[in-house]
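You will see chain A twice below: alongside chain B first, and alongside chain C after that.
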Partner chain A sequence: MKKRYAKKLMSATLASVMVMSMLSGCGSADSKSTEATEQTAEASTDEDIEIWSTNNGYLPVEAGSELYNFYKDIIGVGIVQPYVEWNGGETYLEQLNLRIAAGDMPDMFTPWNGVETELIANGALLDLTDLLPEKAPHLWESIPEDVWDAVKANDPTGQNRIYVIPQVMSYGRNGAMIRKDWLDNLGLDMPTTQEEFVEVLRAFKNDDPNGNGVADEIPTGGRAEARWMGQLFGQYGIAMWEGYPQWDIYDGELTYSAVTKNMRDCLEWMSGLYAEGLLDPETFLNDKAAWDGKINSGVVGIWEHLPQECYNYAENIYNGTGVKPEIAVLPAISAPGYEGYYTMHQMNGGGFVVANTDDEAKIDRIMKVLDAYGNQDLWMKFYNGVEGMHSEVVNGESVRLPDDPSTQQNLVLVPFNQIATIDFQVNVLSSQLTDDRAWAVSQAIENVQENQKYVKSFAGDGMPESITSDYPDIANRTLYIEYATKIITGEYSIDKFDEFVEKWYATGGTEVTEKAREWYAKKAQ
Partner chain B sequence: MGKTKMKRTEAGSGNLKEHFKRNWPYYVMMLPGIIYLVMFKYIPMLGSVIAFKDYSAYKGIWDSAWCGLTNFKKLFTYPDFYKILRNTVVLGLLKTVLTFPVPVILALMLNELRNAKVKKGIQTIICIPYFVSWVVVGGLVFDIFGIGGLFNNVREFLGMSPLLVMQKESWFRPIYVLSTIWKESGWGTVVYLAAISGMDPSLYESASIDGASRFQKMKFITFPLLVPTVLTLLLLNIGSFLTLGFDQVYNLYTPMTYSVADIFDTYVFRVGIQQAQYSFATAVGLFQSVVGLFMVVTFNKIANKVSEDGGLW
Partner chain C sequence: MKAYTKKSHVRESANDKIFGFVISLILILFAVITAIPLISEAAVSLSSKTASQMNQINLLPVGFTFDSWKYLFMKGKIWTPFLISVSSTVLGVAIALLLNVLMAYPLSKTEFRPSKYIMLFVVFTMVFAAPKVPYFLTLRSYGLYNNYWVLILPHIMTAYNLIIVRTFFKQFPRELEEAAMIDGCGKFRILLQIVLPASKAVLATVGLFYGVTMWNQYEHPMMFIQNMNLFPLQMKIRTIVDGGGELQAVTMAQTANYTSATLSAAAVVFAILPVLVAYPWIQKYFAKGAMLGSVKG
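So, the complex of A and B:
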């Protein structure tokens, strides 16, 4: 009897432990947040400024490290950055949210996915309106006044204050690229119509353009969630930024490009390409590493990315296969009845926001960093980074070494990418034309300029993310991804598109569209 | 009976002091466990209060405004709520019905093996996957079913065209069940084998004398004696019926299989952690826990009815 009682008691305790652990909810999140704080705690001191920005696998910046000293020498302020994986913004946002929830925001960080809206509303971010002209004049002047006006207009509190340093690109950064050497190998001309384009895809698939005797070529493709497929969406005049449908004027009104007839026709066409095997069958399973890996191993014919960085692909293809590829910009192609283009995104979200603080000395240090960030005289230095790690000196001039995440620290300040002009891009690239890299870098110089012929801006450029913040599924484009990918892979027939549009409007699309049009009417005034 | 009664009064109000005096080493031994429980399980539970608040990370828990049941209303009127509930229930059922019996069968089979070395060897081999993280298993599964993976190579060999099953809705559930069996059943088997090895050998001896065959021994001795263990583990499983395990689904699904794979855990992760809608995510989590508690209590009652010693309490 006694024994049984003890057993029951023990089991009951055990069961209550189970139940409690269930009730306490997401255990994994707790452990992650402590992990994140631990990582950073050892790195920063009070004097240093902790800055979070995009990191695609490079080494962190710890106090006392080479890049830390590099920034300290130039700016006079120590900058630290823990390793936070970017992963398309997903992991970054997760880690950032955990730090914010723990009440320990980084001093300065790149906002993502509208995270700044609520912070501004709660007074968690520093009001930069008066500080910038006074303490960071270089940055103030580097960004055009109308952009500052747009930033003010997007202030979620409606007070017309500046909290966000915007990312401005005054040129078309993204575009489609094609293996020109493959066209030459097969004796084909650069395609200019959709018909020719499809013929080229077929030839790429069947005629062994890389000449290795194996039918391993992938004519074109993209990444999971139908990202980086502007070479196809662009043909139907769809405003699409890296896989995120944008808002543009369709049928005379500001509309989400995913729910337009353009999208319907495009998806129908793409499903045909997929069925024929002209799109990478694994497109929707490719993450960045997988898709880049395919391009770098010299089996992809046409892809969308940054023409200014195509030298990376060129060098990787050369290192991997021994073939020096010729990468050219694919001219924007128009589907019948549409006007094709590559989407140009001038106001590309926020570059940085600053955590609110009363500490005057700290504000001064942050403003020093921001001033240097906007100082175009320093941009070349920021670009070249640490000598011996990011760059080397050839004939008395600094030249960047090939990108290598395993040995290079993450460059925290990259104003030339965030307040970018095409002139600076071309200048930067022109400084890198050493004997062994000239063949690849010169392609990038040519391509970034050529791409400007085919880019077009869109009406919804600069629309704040707060417009969709009450509708996480619309912000995540969950419904769009599901229907678009299933239609392309043939799981759904194109008729399902109408169901998607209906559902999208019914689950918040109507409200979001209304808000977006209101915003646009204000902007147009 | 009288003895129990006496014991109760002894432990009751009057002699509490004496009771502690006599038993204090046991209480000291329990202390670390209790402190752990309170610190990591009970105190965080207070955080569930944000399910009823419009929580803002910057304002903190106390200064955020109360919002009543808004978050729950939002959950139940969320257009995809039924989809997620259905997915969770279906996957939970599949897990309970298809994968739960596997270790029991495996243990009964292993128990019949004569060669101890073979038995130990098999036991070790089927146990190893349990220690592999779902991240790794997810990677393996994606590789096996990718272009150039084992699955499509076999298809190619048989003259069939490649099939990317990881982006096919209809394949998600079978893959979910199979990967669970592969990873988890070895571990469960060990638990049952331990229970079997603790059974009284005299029962088997007397059965042998009565001329029982091996199969009869399994049927009439091993299995019935195993039932209480099975029931206990089943109950523990059922408590987490709606908490299927985030890491497995997260590492196996793709946006193309969300419609059958998205469960509460993954939804909470995407909306709660990634979109920072903490209050809403907590409301979902609380809903899950309440359902879990309800199921444990119900099934415990049923188990108590089925066999006297069956329930947890």
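So, the complex of A and C:
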């Protein structure tokens, strides 16, 4: 009896699997055909431009709302944006894909994780090459020509066309900072060599630089996955962006910086620092809140972050401990035999892409938006947003109100972040040089400029994500994290590094390197 | 613990006692481990800005303040989402129970011939789920995009719960129903007046399952609701918890005594509270019902 029942069940299951696969086959065919029809229908009716971009919890922009009117007044085009959760890009991408599948792509959106590659190949995105110089001259001028060239080189169809408005940072944003007041307390000079640097770390650990009588100081450290440790990686000339190894020229060829001799030497040195207690023993457990918490508690001596934001740390340290710290940029230090620097990441992926359409009027509206986006005269306006919601007038000048996602609409156009220049940053910071904040904010202004002396770009800057997209473990640097953290903490000896390099090349590294070098050769032409 | 004090009829050996002790200890340990994150979140929500920035809070609030809660209640715009969640959960559970009972009852009767085949379809949905994109397109074409009913309709019938109810009905003594029938009861009256009053346990269990699903639902609203005015509580909470990146705007000094961390802690605790409050009331049915329904499932 039982056996027969089981047989029946099995055949039923098999049959259902077949039905299922047939159904899903039909489903996907269907969705493609609706895509085509709906898209054209949508384009001819819609007056407003729907733009999707990063939103960390702020209110959506609906037609007729305050921010909508704000953009319409300035640009002459209505901009709407539904609430799309960002969640590190993950949820955003999922929702974007659903909308694309439904044939209802937003008119303009921030591409994420290489989503644009396939869309370009399918002709779903608008070719901007000829439109930009003609209809969005401000944006065309705001982005340097060599960056446009790099964008063209990244065209997945190989036609050297522009589909993506890149995110550009024309200055070195990240760098290492040091508690200058600690140096002064101990009568030490700013370190300039690696030897001096280590001496300073030792002094920070042992000589109670914060003067509270407790050995609570953490000379330096970083966050989990060996992130935000550029103060150490930089000394060995390693191209490293916020914990992500980058591609640069090593031994005359474009190479992943994690598998170089530079990295090997650096990790060996770092494991020594770790063993001596000069690195935060909890480094690889620190999330952002934990590591920032330590800096804000006034117990960290040297760390990597954004010098332009160091006033936040300064004020938090002051609020928490009563000490007004002096934070300075740590000059880039060179390890023996290497040239040290802080990594400057000029090309930061895509800012916007535009959905393909034949509707001339719509294209004109979109180009108007893009032109305004690139118009530096409007940036301050965009920055300050709606008066009363995003900003307030103090002494005749607009000043941004503290961030409040519950009452503020999401600023859709943030060119000052996506085509970032140091001048703009200094300008905004200068607006906060009020009596009570000047001591902290002036440090940020000074540091962001000082940092430029020590930053250097790298050869692999602007490499498209599609090069590693077939190898998620390489893109997520899984293997690197495991070996790097274990070597630093002493769980692995440095000899294991060679095993890592071998494994990395064996699990896709060879292919990725080949692709990357191909890309670089093309870019260099 | 009662067993030890009351002197149970079977004498416990020393081994049993040690065993009981160890088990209790392990369970207490688990209970503590489960409670710690919640306590710590509650502590963060009641702490000051400085303490949060310095990451000093463990299990007790540091720099005690209600500012995060005040902000959440007065300015956080959580009440509409709260009402949406409460109403969709209450309405959803009511509809779900109605449909499940009406479907499970006939399926539990052997004289209902097609029952076997219908059950096959039901089980089918347990094994295979629609891929995301076709599912999205289908529900969207039903008009369930940016629609309140997407919070309810996709959840009112799950195979697992239906089977629990059906199994429970199967075990219901036939003699009772037959006696009622002899006394002149119709089929609906038997269901309403004889079967259901004796099925509170299973209804509470299944109701709780549905209720928790609907209260906690996040994926459906995320896929189908982009209009913030229709956000259920969990989606609203996400907007508060979804912290920013490294790059921050230069703004005037923040004077309020909260940070995004304390706010999100308050929001999280707020979202858990209703379930925490409701659970003890249903728990006695829950433990019993889950066992009852699933023995033969």
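Everything below uses one rule, namely that the second predicted complex is superposed on the first by the 341 of 525 C-alpha atoms of A that agree within 3 Å, B and C clash if a C-alpha of one lies under 4 Å from a C-alpha of the other, contacts with A are read in each partner's own complex, and residues count from 1 in each chain.
Basically, a residue touches a chain if its C-beta (ideal position, glycine included) is under 8 Å from a C-beta of that chain, and two chains touch if they have at least 3 such contacts.
Since the model is a prediction, treat every value here as computed from it, not as a measurement.
A.B. asks: Where does A:476 make contact in the superposed view: on chain B (first), on chain C (second), on both, or on neither?
C.D. replies: It touches chain B, and chain C stays clear.
A.B. asks: With the two structures laid over each other on chain A, which partner does A:122 touch: chain B (first), chain C (second), both, or neither?
C.D. replies: It touches chain B, and chain C stays clear.
A.B. asks: For A:305, is the partner it touches chain B (first), chain C (second), both, or none of the two (neither)?
C.D. replies: second
A.B. asks: Could you tell me if A:395 is touching chain B, chain C, both of them or neither one (first, second, both, neither)?
C.D. replies: neither
A.B. asks: Figure out whether A:113 sits in contact with chain B (first) or chain C (second), or with both, or with neither.
C.D. replies: First partner only, chain B.
A.B. asks: Just to be sure I read the superposition right, which of the two partners does A:101 touch: chain B = first, chain C = second, or both, or neither?
C.D. replies: both
A.B. asks: Look at A:506 in the shared chain and tell me whether it touches chain B only, chain C only, both, or neither; answer first, second, both or neither.
C.D. replies: first
A.B. asks: Let me test your reading of the model: by the given contact rule, A:485 touches which partner, first (chain B), second (chain C), both or neither?
C.D. replies: First partner only.
A.B. asks: In the superposed view, which residues of chain A touch chain B and also chain C?
C.D. replies: The overlap between the chain B and chain C interfaces on chain A comprises residues 12, 17, 20, 24, 28, 30, 97-98, 101.
A.B. asks: What residues on chain A touch chain C, complex-wise?
C.D. replies: Those in contact with chain C are residues 12-13, 16-17, 20, 24, 27-28, 30-31, 34, 54, 56-60, 82-87, 91, 95, 97-98, 101-102, 242, 289-290, 292-294, 296-297, 305-306, 309, 312, 315-316, 319-320, 383, 392, 394, 399-407, 417, 428-429, 431-432, 436-437.
A.B. asks: Under the stated contact criterion, what part of chain C meets chain A in this complex?
C.D. replies: 49-50, 53-56, 71, 75-77, 120, 124, 127-128, 130-134, 136-137, 140, 222-223, 226-228, 231, 235, 238-256, 261
A.B. asks: Write out the stretch or stretches of chain B touching chain A in their complex.
C.D. replies: 3-4, 7, 37, 40-42, 44-45, 47-48, 56-60, 79-80, 142, 146-147, 162, 164, 166-169, 232, 235-236, 239-240, 243, 246-247, 254-256, 258-259, 268-278, 281-282, 285-286, 288-289, 292-293, 296, 300, 309, 312-313
A.B. asks: Under the definition above, what is the set of chain A residues touching chain B in their complex?
C.D. replies: So the residues of chain A touching chain B come out as 1-2, 4-5, 8, 11-12, 14-15, 17-26, 28-30, 90, 93-94, 97-98, 100-101, 103, 113, 115, 118-119, 122-124, 224-225, 281-282, 284-285, 472-473, 475-476, 478, 481-482, 485-486, 489, 491, 503, 506-507.
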